[in-house]
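Shown next, in structure tokens, is the structure this report addresses.
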């Protein structure tokens, strides 16, 4: 290992300094695939609601890796054996766990590229990097895709208490100013342990876990599913959908080469060609396209693009009940008349949908508390009140978006 | 009003600056009754668990008054009429709401002075001050004791969302380092309103209220009812109980004059004489007495005193179930033998009791959300999950304290 | 005024909430000219050194306006008369003071657009907006360009203690994590006053002013003039210079329409046409162009573009002395040989220059302390030590950039 | 080593958690000598100016030990050999470095106990503990009194960049709310190194060191030497002086046994008897005595005691020049007349003195920067401006205290 590189530091307003643990991690960070994450915003369209939320996937990935270093230190202190190779693999796996994110992170997942989710693309990136780096990522990949026998290593990368969540709740809270998510990540990590090859927390951590689950729930409703951010995301999806439609019908349209590749693409197979184009795609391709489309002759494309660029977003109603067809149609008719577009195109401006929030999944994965006598208990059962039990229930809300009054 | 005084500022690490709004408030702060609060610790024995928790009732009272200024500003902005006189009365009432606290705040309430609680003593102090200040506190007193017709004014001083709670959760969190209580007080205040003469919050505040209630619940279990702090408090109560007993049986004992007054007193009537002595009593009388009692010939008094001074606290078990008599007796027998004291005096070292925590009382008082159309809904009902409903249930835990191994 | 709009809030992690004071300010914020600032990063290329530094001119402008509201409140409290019209004008002037910034703020000033600085462009934007808003910006403009008789109003917008500096030091410190700049803006504002129509600070603020000036000095060396950020900025300037050169010699080059306008432009007159194109130009035009140029046949353009995108920056030496020609030439020769380019093009990769830092200018503008007896003293003279006097001296450093070893 | 003890944690609002590194440290913390520090306030009378400043020597000592753990980790990482024994000795030495502080820390040093300073008393405590702990403190003592050959170990405990300063500036800043002292202790520690057996900092730390020295300077003027705190301290000194005088002339006076010992004592030899009494002395003895003396027949003692208890402090003028005898006498005459006391006793109420502040001593000890090529340079010489040089000059101010108007 190169000692010079070991001392490389990143300034981070949250943790102070982030240290690069070794030369492999250093070289991965320097790779063009990873540098691309500097141009992928962490929170999609949320910056239109929280003007401070311009932090990137690049920064989040470094933050997760920092927390992973803490976790390894804590677990080893508690006599959990983690070999040097496993340690390196953990850093690599968490560093690259989001490398498959596309423009605006989750906002365009499943719309710009269909048929694969970002984890699968991350895996493809890792495999491509593995070739470049003489197979040194093999162990990291097996931890990432959960094929490695020691399960708790995967849970540190992806689970109910993984380094990903411990970083993003804190980081998103910091940059948005929404204090709901300001969890004490380092405290939680200090109470991690391993029992029966599962990642668990010590039982004295029960209130910290409760705080973490409530923070997560509140961040979803207040920030990630904030109705205005939601509306912006839905509009962005519709801009691209319209662009695809126009291209499909033969209209000419400006777009960067990698963006055009995905706008034209019909296949759902994410092959090497797709990966090559995807590796060149970031937020700028989208925003720059929108800026060009503002002058396009198609008034729908033009109007939708402007809605994002000038933050002229639709009105949103977020309710417990699904809106009736009558309610939706009323708005569609107004839009059809006001904008002079046929009813079957009003769905670009009037649309409904639903969002769900479930703070704690105790069915598939759960958080176990480890008592001093070695007993494991699910945290929802261990709590002295039913409030955590209540958090296992999924909550669904329905939204209805339609243009603001001044557009009629 | 005296302009010079208006500009007086207190440095506060939490709010930056605290401004004294007028000369009356300034003069009350300078009064010897109020200065006494500099010598009353806010969190009783908690500093034995959280070494930073040495902040005082004096500081808390100033903090509450600061928040009250914000609240008045917010409500007036929303066109709630608050007269100049009511404004001054609010500041006076909140400033003095805790002036009746005795040594170590809640820790010795109901044991050193019996028959009255601190609110009643606060009222007596206010009435005494009212005489000194030419009846300028009359309105403040009527708001404090809830005899003033406009009920929301009282609720700002004492209620489920009063300035008291909004300050202490944040302040205690700050000084202990227990981040669970770090609520966003100013944000909550900005969403207060008044409907039907009740203090309410705007419905968009629902997640902030949820965070506040959960923070309160977690602060109780993690901090206020922390088992070691609990044990220390119970030992302190027993030191004074033992001192009273010894005095009652004619033993000689060192104590300051005001402390001796209360150790000897049998009456439960809190008259002017009691007030006069109480006004001279603070934490130092207790600690100084304990330091003297360390050499006392009564080994029980001596031992208990040392337990506080050297933080040599009992072991505590905190469980959902009440310990059985057999469990208690087993410890008592061990203590009786080890310390050579009769069984009927082992209760000084082995004792049990219970604590309760209820994050949200929706029976007597509740927090109502005000929707845009003017409708009021209880926050527990308005929440999209049952977790707030769960917080209305009272939780009881049972503790059992007994000496550490090395004492046997 | 529209009451509904008055309550509009922005979340800000630094100040908590930013309130929109009136409908004019609200409408200006909604204007496409102002929304453009969402796409202009505040700190140029600094995010390549401080990964958190992605905050924008949009956010900074809101922050300044928030501080201006505090300043107006403080000064009025001290009986400085500020009319309603002047108040509104102050908010408008500070909101728009940076609206003339182009891509990457200062990084490309004087290179992409020559002949004007960003203040002059800001003025042109304000004048354009003034037409749209029925001349309601006239007073704001006269405060901004210092033609309004009451000079302290201009100093609040632009001076040694203006709201601009009080926001950017704090904000840049927050987002970079460089704690050197974490000044106490609100405390400084609370000590502002006006004497002889000059903005002054009360004499008790002397140590706060000292802290502010030292913070500014340290932020320059540690952050704004950080050698790696400096190198990145210089590379970016050279990419555009190379692009202009290629265009001038007739090569074909991809660029968005507004960017192409400025790459082709030779005139230094910033007319309406220039303004129209400038209003559509932001960071994305630059980054997107760089991404396209990575494949260009010109190896210099291609290489320089990649250096930014993949953060493959040159080595930088920052010294007190100017490097000798021999030193520079040695690197140029290496580059010429390694990259196979003629000596007269090596200046794209090997270059020198200088930066200066002067924490406190007491010649043109100065900070005066107001003593209780009304006397004014320059802060450098009033300090009990010569350290502030020392800060009035300008410090110059010389940098030399050349490619890293692996490129030879 | 006892594993159970190793995991003991203290909550600290500044560093999160403080870990007890081993059983010896644990046992020392539990010792009655160390527990006494819970009753010694860190900042003397400063809480009368900064109401949050009630933190204790106990907490500060833990904080220093926490930073020492970081320092050991950093230096070992840089291949500086520190043996297990030296490591333990460093923790013990820093933990106990202030154990010799008496009531109100520096406020009463040299007045209650004369002839020795707190470091010498600390040494006596350490020697007494060394006997109790089977000579395990011998190495710690030799590091503390600088008789151990490896000098940098002593400098970590006591020097211009020791763990003491790195903790107290940050901690005092935190509890007072005076942001001037909020240094980045962990960053500074990360840049420590050892060269020629001297503790040095890496040259890239130059701006952090500058910030540290300026922070120290500003904390002295704004906080430690705040004129009101200064006045309170001087009054406290005079209360005890008056008490000694009355005792010397045979008056009867209430005081706890250990306090009385020192009030009566004339010897300057600090022997075992003195240590025994000193070990039982803390803030409470003083405050409790003052409370008793409020009713004393000597009006001077009584008045001075009240001035502290009710924070009825004198007026203070802090100037660059020494007040003239005429100025002092004028106030003395007023006091003599108003209070009816002879001129030769007015010095209790009217007094002058001086304070000095020197941010950086480069004569006896200095801070050296270590450049990459191994060269050492004094930080004041290395700075690009003369401002650090200016900080090496000692600044003296003169104060004059006299009663407030209402007392005449």
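Labels for the chains are A, B, C and D, by order of writing; each one numbers its residues from 1.
The working rule: a contact is a pair of C-beta atoms (placed from the backbone, for glycine too) under 8 Å apart; a residue touches a chain by one contact, two chains touch by 3 or more.
Quick caveat, the model's predicted, so the values are computed rather than measured.
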item	value
Higher-contact pair (C-beta pairs counted), B-D versus A-B	B-D
Maximum centroid distance from subunit C, chain identifier (CA atoms)	B
Distance from subunit D to subunit B - Cα centre to Cα centre, in angstrom	32
Separation of subunit A from subunit B, taking each centre as the mean of its C-alpha atoms, in whole Å	43
Of all residues in subunit C, the ones touching two or more other chains	16, 184, 187
Sites on subunit D touched by subunit A in the complex	16-17, 184, 186-187, 190
Residues of subunit A that touch subunit C when the two form their complex	10-14, 16, 30, 32, 35, 38-39, 47-52, 54-56, 58-59, 62, 174-178, 256, 280, 284-285, 287-288, 291-292, 309-312
Contact set on subunit A toward subunit B in their complex	179-180, 182, 184, 187, 207-208, 210-211, 214, 217-218, 221-222, 320, 384-391, 393, 395, 397
